[in-house]
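The structure under discussion appears below in the form of structure tokens.
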Amino acid sequence: MYIEFKHIYKNFGSYKASEDVCFALDKGSLSALLGPSGSGKTTILRMLAGLETPDSGDIYIDGKRVNDVPPAKRGIGFVFQSYALFRYMSVFNNIAFGMKVNHVEHNKIQRRVTELIDLMELKGLENRYPSQLSGGQRQRVAFARAIAPEPRVLLLDEPFAAIDAKVRKELRLWLKNTIHRLGITSVFVTHDQDEAVEIADNILIINQGRVEQEGTAFNVYKTPLTPFVAQFIGNHSLIQHYGDIKGFHEQHTYHAALVRPEFVDIFEADEPIQYSCTAESGIVKNVLFRGSNFEILIDVKGNEVKALWPVDRNVLQLGQTVKIMIKRLYLLNDNTVKSVKNESLVADKSQVI
Amino acid sequence: MKKNATWYILIFLGVAFIIIMLVFPLAVIINNAFRGGINPYTQALTNHFTIEALELTIKATGIAVVFNTLFGLVAAWSLTRFNWKGDKFMTTVIDIPFSISPVIAGLLFALTFGRAGWLQPVVQALGTKIVFAVPGIILATVFVTLPFVARTVMPVLNARGVDEEEAASLMGAGGLTIFSKITFPHIKWAFLYGIILCTARAMGEFGAVSVISGNLRGKTVTLPLLIEILYNDFKTIDAFAVSTILVILALILLVLKIIIEARWFKKKG
Amino acid sequence: MRKTKSIIPGFGLSTGITISYISFIILIPFVSIVLIAANMTWNSFWEAALNPRILAGYRVSFSCSAIAAMINCVFGTILAWILVRYDFPGRKFIDGLVELPFAIPTAVAGISLSSLYSDHGWIGSLFMLLGVKISYTAIGITIAMIFVTLPFVVRTVEPVLQHMDPEFEEAATTLGAGKSTVFFRVILPELIPSLLLGGGLAFARALGEYGSVIFIAGNTPFETEIVPLLIMSKLEQFNYAGATAIAIVMLVISFMLMFLINSLQIRQQKIIRGGETT
């Protein structure tokens, strides 16, 4: 384990920023700290950097405890949300700063900075100042500056928060590929699920100062361990009295259920289907065109359920009656999540995810 | 906050600098004023030249503050609520008394209203004297303190824009109503701050009135001028005793200034 | 004039009063300078403005003002730093004390500094032991100028330090910089515009300063005469032309400084409000 947090607690006055945070990250991994605003994910990143000190607990990098090691000596590179490029230094000098400060030999600095400028596609901009660069260029300079001194850990705080939506997708791919190519153990903070899912090997879901779940994107999605994670990742609708739905019965302690659109099949009223006896009947409440499909909101026994409908079929109308088959529910109680298949399908040999 | 060596060194340097440069001079004033005991001190203060100088200082300060405050509000209104040809020029001109030496200010008035001045005929026609007389002292004081209220109030008004006043005008409110109910509440603290600065400066004005005054004791001597005369006559105790009057007034103004500043910034949030 | 009439009332009255007041009090007196200058020939003007004694006066005024401004830049930064970044007993008191030179009348400051640094004064006597005379020398002039202009740099640097984004320093720290490197390479460059403004204000004020300097200066021709004093002595001799010539030179310099300071002030406002500075 290259990076480890053991029972970290951090309070700011009476505000609990981190509560018993424990996790371990492999060398060379690219991990995301994902959570809503104010969940404490940036605090974790900053404690790892040494910019904040935990009230109790231990932080390890490469097997050594670093709680008492100042940020300057931890060997980390940090890319700030606002980039924090030094306004009075040129692009070249910004990138060279970390090496100059550590008295690296002049020629070596020259070579490495030039190499990074090529790698980051900043050629021709060496002598410009930060105010003369575009947002994307500034981000690349911030990135180059952080990795120039060859840090052993790279930390990024909401790297794409300041980027235009259009450019974001390209940059995400670029970041993922570049980090993998460099092989540095990296951790980044984001509140955007899509970003975490696309870039990270490993996601840690943070909520109210606690690590709710850790795992690959797929695992977190498929097997959420807590109600928060189940509702944070992916699209969902909540059902209060899930026992009313055909194929499911009320289970003790689980007071609500969560259904993902991917597990809902809709059929037009007169369409022949396999599950006619266990399909529910519902009324279309809303039809939303999403570009690649329709998102349909259906009223099923007083619950509003979201489902997907392809664009190449008859457009559904408001108020239309449809048949709806819920294939899987995630039952929620206060602390855990239980995934249950529709009982009528268990007997069936038909494949459900 | 880690209290390392740097912390101690910097605080030591800063505090030592302040004590040497500011506190010592204050201490010297008090020490020298009371060097002969309480009696010489009170005698210096109750001396009739002192009383007359105090009266003149208060008169000149009062008139300067009143006129420049009114001017400051009127000018702020004209320059920030409207756009007119030459408004930028006028705004820059308002700053002039601030940026030239007070001696040069005095020179300007001496040249204009003095015996050889080009406005001398006008002055004679009016039957007054300006140079070497009280009106000159008042005029010089008004000149050097002219910018203060305008300069503190104008930025606040400029930052706010004219929307509220225009809305009120559309609803039929008259000028004075708009000013008192809408404009003034926003500039209240800047206004008070400017008055304090204006008063402090007027009380202490020396260079310009030195030129104009002619130093006719009892007639055209303000407190600062009196202090100079006493000191040059080697009446050290008297000079410092009279100084304490101005120091006390200055400290009162300083405290008021700090209080107003605190209220002002609390309001800004 | 303007194309559309503003709906806000009071334009005519307020503008009329403003223009009249400014003209009477500021602009009309300036006419005198023009009239007197027009009556002088070029030769007599330059002779009056640039004769050796006056040149010595410029030298004394400019060098002492510059040194005073620079010393205040150094100590002003230290003061701004400890007032903004550190907490210590008496901080609020020191913060208030910084404004003292603005409140104290210049003549009062003048006699007290003169007394303090005289050969028998508290500080003056200490330096006499070291063989250094302060009163009646350029050193004394510089000290008086430091006193009078002390608040300027502190007050321009403080808000910039307060509003500075901590991320710049954090970035430098994560890159391995020690505290002094962070200060000199990252923080100080950010402070330079405000230092220039504060220093400029201090310099301009010190140049024109009269009351607090003349007592400690001794006013020895060629050595400790400052320009405002030279103007005053010309006036006492009723040499209006001579006084005006010197005044014109000083006015030209003052206006150039005023122009420079105004553009620095605009920059300062932008920094405090968080805009770009390069």
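We just call them A, B and C in the order they show up, numbering each chain from 1.
Going forward, a residue touches a chain if its C-beta (ideal position, glycine included) is under 8 Å from a C-beta of that chain, and two chains touch if they have at least 3 such contacts.
Just so you know, these numbers come straight off a predicted model, no measurement behind them.
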{"item": "Chain-level touch network, classified as line, ring, star, complete or other", "value": "line"}
{"item": "Chain whose Cα centroid lies nearest the overall Cα centroid", "value": "C"}
{"item": "By count of C-beta pairs in contact, the leading pair of chains", "value": "B-C"}
{"item": "Mean-CA-position distance for chain C and chain B (Å)", "value": "17"}
{"item": "For chain A paired with chain B, centre-to-centre distance based on mean C-alpha positions, whole Å", "value": "62"}
{"item": "Chain centre separation in whole Å, for chain C relative to chain A (CA means)", "value": "56"}
{"item": "Contacts with 2+ other chains: residues of chain C", "value": "none"}
{"item": "Chain A contact footprint on chain C (complex, rising order)", "value": "165, 167-168, 170-178, 181, 185-186, 189-190, 276-278"}
{"item": "Contact set on chain C toward chain B in their complex", "value": "1-2, 6-11, 14-15, 17-19, 21-22, 25-33, 35-36, 75, 78-79, 81-83, 86-88, 90, 94, 96-109, 111-116, 121-123, 146-147, 150, 179, 204, 207-211, 215, 227-229, 231-232, 235, 240, 243-244, 247, 250-251, 254-255, 257-258, 261-262"}
{"item": "Touching residues (chain side chain B, partner chain C) in the complex", "value": "1, 6-7, 10-11, 13-15, 17-18, 20-26, 28-29, 32, 71, 74-75, 77-79, 81-85, 90, 92-97, 99-104, 107-112, 116-119, 139, 142-143, 146, 162, 165-166, 169-170, 174-175, 178-179, 197, 200, 203-207, 210-211, 223-225, 227-228, 231, 236, 239-240, 243, 246-247, 250-251, 253-255, 257-258"}
{"item": "Chain A residues within the chain C interface of the complex", "value": "49-51, 70-73, 76-78, 80, 82, 84, 86-88, 97-98, 101-102, 129-132, 145-146, 149"}
